[in-house]
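Below, subunit A partners subunit B and then partners subunit C, in two separate complexes.
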Partner chain A sequence: MLRLERRVDVPRWWTWAVPVASVLAAMVLGAVLIVSSGNDPLDVYRRIFESAVLGSGSLSGTVVAATPLLFTGLAAAAAFRMGVFNIGGEGQFIIGAIAGAGVALRFGESMGAGVIPLMIVAAAVAGALWAAIAGALRAWFKTNEIITSLMLNYIALNIGDYLIFNSESSWRLLEGSGRMFPQGKPIDTSAEWPFSHVGPVDFPFGFWLGVIIAIVVWVLYRRTRFGFEVKVIADSPSAATYAGMRARRTIVSVMALSGALAGIGGASDIGDTRHVFDPKGLRQSGYGYTGIVVAALARLNPVAVVPVALLMGGLNNAGRALQGRDFPAGLVGTLQGLILFCALGGEILARYRVRRVAKAVLAS
Partner chain B sequence: MTAIMVASELNNNLLVVVAASAIYYGTPLFFAGLGEVLTERSGVLNLGVEGMMLLGAVAASVTSARAPGPAWLVLILALLAAMFAAACGAAVHAFAVITLRVNQTVSGLALTILAGGAGLSSYLANLWELRDPVPHQFTKLDVFGLADLPVLGPVLFNQTLLTYLSWVLVVASSWYLFRTRAGLHLRAVGESPQTADAVGINVVRTRYVHTLAGGSLAGVGGACFSLSIVPTWQDGMTAGRGWIAIALVIFGFWRPDLTLVGAYLFGAFSSLSLTLQARKVEISPSILESMPYVVTILVLVVVSGGWAKRRLGAPAALGLPYEREDR
Partner chain C sequence: MTTSLDMATADATVPAVAMSGITKRFPGVIANHDVDFEVAVGEVHALLGENGAGKSTLSNVLTGLYHPDGGEIRLAGEVVRIGSPREALARGIGMVHQHFRLVPTFTVAENVMLGHTGRFNRRAAEDRVAEIGEEHGLPVDPSAKIWQLSVGQQQRVEILKALERDARVLILDEPTAVLTPQEAEALFVTLRRMAAGGRSVIFISHKLDEVMAVSDRVTVLRDGTDVGVVEVATTSARDLARLMVGRDVVFNADDGQERASVDADRIVLRVRDLCAADNRGRPALNGVDLDLAAGEIVAVVGVSGNGQRELAEAICGTRRRTGGTVEVDGQPTSGRDPREMIAKGVSHVPEDRLHTGLSPSASIEENLVLKSYRRPPISAGPFVRRRAVRRNAETLIERFGVKTTGPTVSTRLLSGGNVQKVLLAREFSAAPKVLVAASPTRGLDVGAIETVRGLLLDASRSGTAVLLITEELDEALALADRVAVIYEGRIVGVVDRASADLTEIGLLMGGGRPPAEEL
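Right, the complex of A and B next:
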């Protein structure tokens, strides 16, 4: 019989040691899987490390792959901190991408780079409104936000498909190859987001934007009245009510904030990387779901989301680069899942100690 | 002669076609939904249904492709393999949330990411080189030779064995939940683990057993896809049905019979979009495919209201870890 006992004092350095240990534990478990399928784990890990970090242009690719996860990770962290489980990052990201692309297509040519802030605001508002649907239903009808935000993901995906595949919307390319193969219309090159170069690494504008937003969210949750209210409502809803806090309004605000963060990620997808609205590509990427892994591994700390997003982005980048060439498909997702489970388990083991208890002791 | 023609015309009627395929497409939803009903009745929320279904699908697929023997034996083995694989996934969740008391929402999501379309199920399918249609499938039967009966024929007598199995299961599980001592214990654990523990019910064991049972049913749901609906492997072939199964549980008020009704309703929406496309009806497929999700949200809003909660509420201890106080 195993029993968990709360540890009296937890050393401070454990806050970063536990996630690191979880990643290592997940790599060991992954290695067991790789060996059992007849591959050499050291070789697989070496290739992942090479295509994520060492190879030429690898780090740039990793930063680009980390950028969307930075936003969806922040979105998940912002909501989960209050115990509001926004699983809808995926849909909010897509709605943000639709809004961002729409603005860029409409005003990109005339406004040039001046359209970038407009794209960001439009995507944030669209994502916030989309998320607020689930938030309002939770606040006023007590509808489970996990299921509603998830259903809204599929609806958003279908809206995206509609705009490109089943209609002649202004998002769709209607001349040239677009006549034969449905695809998005590229935004004007002047509306594309700039890259900055630090040493050999190219950083997309969206990455820096994400880092700044991470710090802003951290300050918001640690240093403001709003952040305090969120903490109280998360810990004890009844105490919050007695203190006169308006829980409903805060739930909707947190959902909207979370949706806005994911939505900006969608704008970055348009401005930084794809330059077209591509629902098929977004569906395959699953940024919203990976963002939840990022947030959990960062222990819902907005600033810690940045390095974790780089780690997961690196894995995704390597998975894409190695795809096909006798590299096991699905390994990256499996590793991400293992890392998340190890982090969850590690979290518990850091707070509790496991003791074997004899049956006789329990009975007494 | 004319009677036969009338019957075949009638059976080609849109409503009959949709009803028949609603049951066909609703069957995997029911299996997965019933599994989640059992799991949630014990107080454990498992959001890993999508991942478990895919594990079941891949295990069933490889068994059908590789196992030797007569078709009926291979199909039984494939179902058992699906149940085992998905139960392994459920066991990870069970250990995390029951023993380690990890947050149930996050652990379930982790399971879906681990096992899902870009994870372990895809890895295994790649490893086992699942490329061709599986050789042994569950095909639609002609029960008692009644498949051509007007209206009832295609709806009731021309389904796969899995559908008939699900009908047995809805009766058996209702009886188990509401008419047996074990079912009473299960409900007690979900409502109030403290009380159940006090009267000598083993809370931890009950939760483990029903989480694993729920997982194996999700595996059968996945097998419905890989052995019948989509017989050639595709990564993520269940396409979000696992999430609908979770919504179904709420829709069905944690009851097997209502879960079956809900499953067929959702099956009808899936089939409607396919049927209408085949008949060249001018409705955008995107709109039709969104319908089940919109309906789920609307139903959840209605069901979450105070009235429904009071009458037919969720297990009171759903999602809460049970911690026996130290004495």
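Right, the complex of A and C next:
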């Protein structure tokens, strides 16, 4: 029999060495798959690297692809840290996009760039309320939030479809090509979020916003009373109750915070990139689910979410650029899955050592 | 059935069990180091030591659960290798665990016969169990279901299980921990009787008076090595204690400990008609009345499961009250929120220290501010001041003598005694008006027990009213000014320590009628 034994002291440098080793291990496993599909792994990896980092404009594409993952990754990390498993980042992202687009369409023309903060606030509030449904159910009725938040994703997706495909809502473009093909109405150009340029790389406004929020969330969890409560509730709910913490209220707050972060991601999707509410595109992207992978790889550390989002965004970006006959379809998704798999495995090996034990000892 | 011990009954000079040079290492610790341990035929031999001294390891080696890294085991003179508990049982070694291994929905007879192969004949099995019970003075109804039995009766079933396999050596691990004084007495009679019948009994305990009462010889373990084998007839509890901890031990509050002066006019905790339900929603407290004066220690004693846990929790606000009132220093409390009780000056040492009283994965310094993090100086606005947290930890670790390599160590890595010190340090540092302590010394070793009891006395001296909920009568009598007996959710008697009579308290604990009618 094999048994896992908790390691008493884990060297500090393992906190970064383990994730790096996990990514390398995933690449080795990925290489095996690539070879078996008749391709040259070194060549494939070189091309991925080229189209994610080296090529002209590829870093800009990577940053753009990383931005939504930054928000959904933060959303997942914020909730998972307390052991609240918000799988609903996807839905909260969409609700945030609906709110952000709604505000931009309604006030964009009259307010100009002044509408941008309003978009952010509206998306945050909408995402928070959406997530708080699952949070409140968990806190007061002990409903499993994994299931409720997941179900709420489908509801959000269907609301999105309804707004564009099955109604004449104010989100829908009703003249021009919109009459032929159902599609969202573009927001006013003055409500589009600005890009900033650092060297050759274009950074969307949402990326910087995400980086700032990552730091704020880190401070919130590491330095405040709220963060302290979250830590205790995650570790031992009975100790939290005993110490007079309001566990239920905190569960709803954390869920709302998580939803707000995902919701802002939705606003960034409208403001930074698409400029139009596009439920079909969002459904295909699955930012909410990739965000869970990002959070897991970042070991739920909000600041570490930034580089991990860039890594995953880079892979997505390369995958999009390389799609074609000579590039194995689904390879990027497979690599992302392998990275998660290796990261989780590495996590266990870092925290526990595997020992062979005699059967008799297990009986104790 | 031939066992390797059959010879022993013939020759009483060969020890039934002889373990020599037993060494057992675990990662990072040596649990047993070169331990010699001998049990003669027909004796009750106590294995005495503090928690972590290596008692359980040694008995687990003997029952085949662990394989020693060194040393040899002889049974009736013959060198054996014991590979598993099943082999141990086949060689005549039976074990009664502290936590029973019985199937609650099975009958006594079914539990005793569990593990036999072949067809189960109810009538024959029940007859056999009744017969063995009769023979050894262990009366239980063979057709009763386990869940219907009291804890003491369940323990008898465990012993019957071993006897049914004809165990020549019986190991009992802390057998009295769950018993009332009367039940413990009865158990001792049984053990003596089994020894007189030629069996060998290994009695594992850290309770000195019991060891003195029941055993012929004692092997004392300390830090994984055997520090002495003594005849009970030629020793005293005090000498044993010294052997066990390696120094003198203060036994009760009278030994040089100054007691608090009770301010009888200032009732700081007034409990009236308090009712509460247990976790399954059944009534567990049925109208408890209690008054505690400033500086007074009142012990609530009783057999576990008579509402002690609910009493502590209902007072401290972690369990909903279904009726009655609790006043702290003259102010009524709603009891809906633990935070309210904390603010009113009620400290709570819960039974489940590591998971309720503390956040196990959090560091020591974080646990030390588990209740005070909300207010300055620990926090400033929404922020926790890390330097204040560290300073608070350094002061308390020093003052309460917590043994740790630093304030950032995860609390779950501490020993039981140090865990309790961290908890008490935090609760005492709040300068409480009322301290509710539920089994504060359970599972601790003698040294730590002494520290904790000293701290409770300190608290009472500084004017705190201490409600001590305990199953240890000795502890109640050593510390308390008054002893209240709880039975089925009611206080059935309160006695002053000066006039306390063990037999009377024991009777009350078992639900017997009080000798005096003055309730």
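By definition in this document, the second predicted complex is superposed on the first by the 353 of 364 C-alpha atoms of A that agree within 3 Å, B and C clash if a C-alpha of one lies under 4 Å from a C-alpha of the other, contacts with A are read in each partner's own complex, and residues count from 1 in each chain.
One rule holds in what follows: contacts are C-beta pairs under 8 Å (C-beta built on N, C-alpha and C of every residue); 3 or more make two chains touch, one makes a residue touch a chain.
Computed from a predicted model, the values in this text were never measured in an experiment.
After alignment on the shared subunit A, the placement of subunit B and subunit C results in a side-by-side fit free of clashes. By the touch criterion stated above, A:Ser37 is placed in contact with subunit B alone, subunit C being left untouched. Looking at the shared chain after the overlay, A:Tyr242 reaches subunit C, while subunit B stays out of its contact range.
When the two complexes are overlaid on their common chain A, residue A:Phe85 makes contact with subunit B while staying clear of subunit C.
Of the two partner chains placed by the overlay, only subunit B lies in contact with A:Ser167; subunit C stays clear of it. By the document's definition of touching, of the two partners only subunit B reaches A:Ile147; subunit C does not. In the superposition on chain A, contact of A:Phe228 is made with subunit C only, not with subunit B.
Look at A:Val293: by the touch rule set out above, it reaches subunit B but stays clear of subunit C. Put subunit B and subunit C next to each other and count what each touches on subunit A; the higher total goes to B. The superposed arrangement places subunit B and subunit C with a least CA-CA distance of 6 Å. Within subunit A, no residue touches subunit B in one complex and subunit C in the other. Residues of subunit A touching subunit C in their complex: 5, 8, 223-228, 231-232, 235-236, 238-246, 358, 360-361, 363-364.
Residues of subunit C touching subunit A in their complex: 27-28, 60, 64-67, 83-85, 316, 318, 337-340, 342, 348, 350, 352, 355-362, 366, 370-371, 373-374, 379, 382-384, 386, 413.
Of all residues in subunit A, those touching subunit B in their complex are 2, 4, 33, 37, 80, 85, 87, 137, 141-144, 146-148, 150-152, 154-155, 158-159, 161-162, 165-167, 286, 289-290, 292-293, 296, 328-334, 336-338, 340-341, 344-345, 347-349. Within the complex formed with subunit A, the residues of subunit B that make contact are 47, 92, 96, 99-103, 105-107, 109-127, 235, 240, 243, 246-247, 250, 284-287, 289-290, 293-294, 296-297, 300-301, 304-305, 309.
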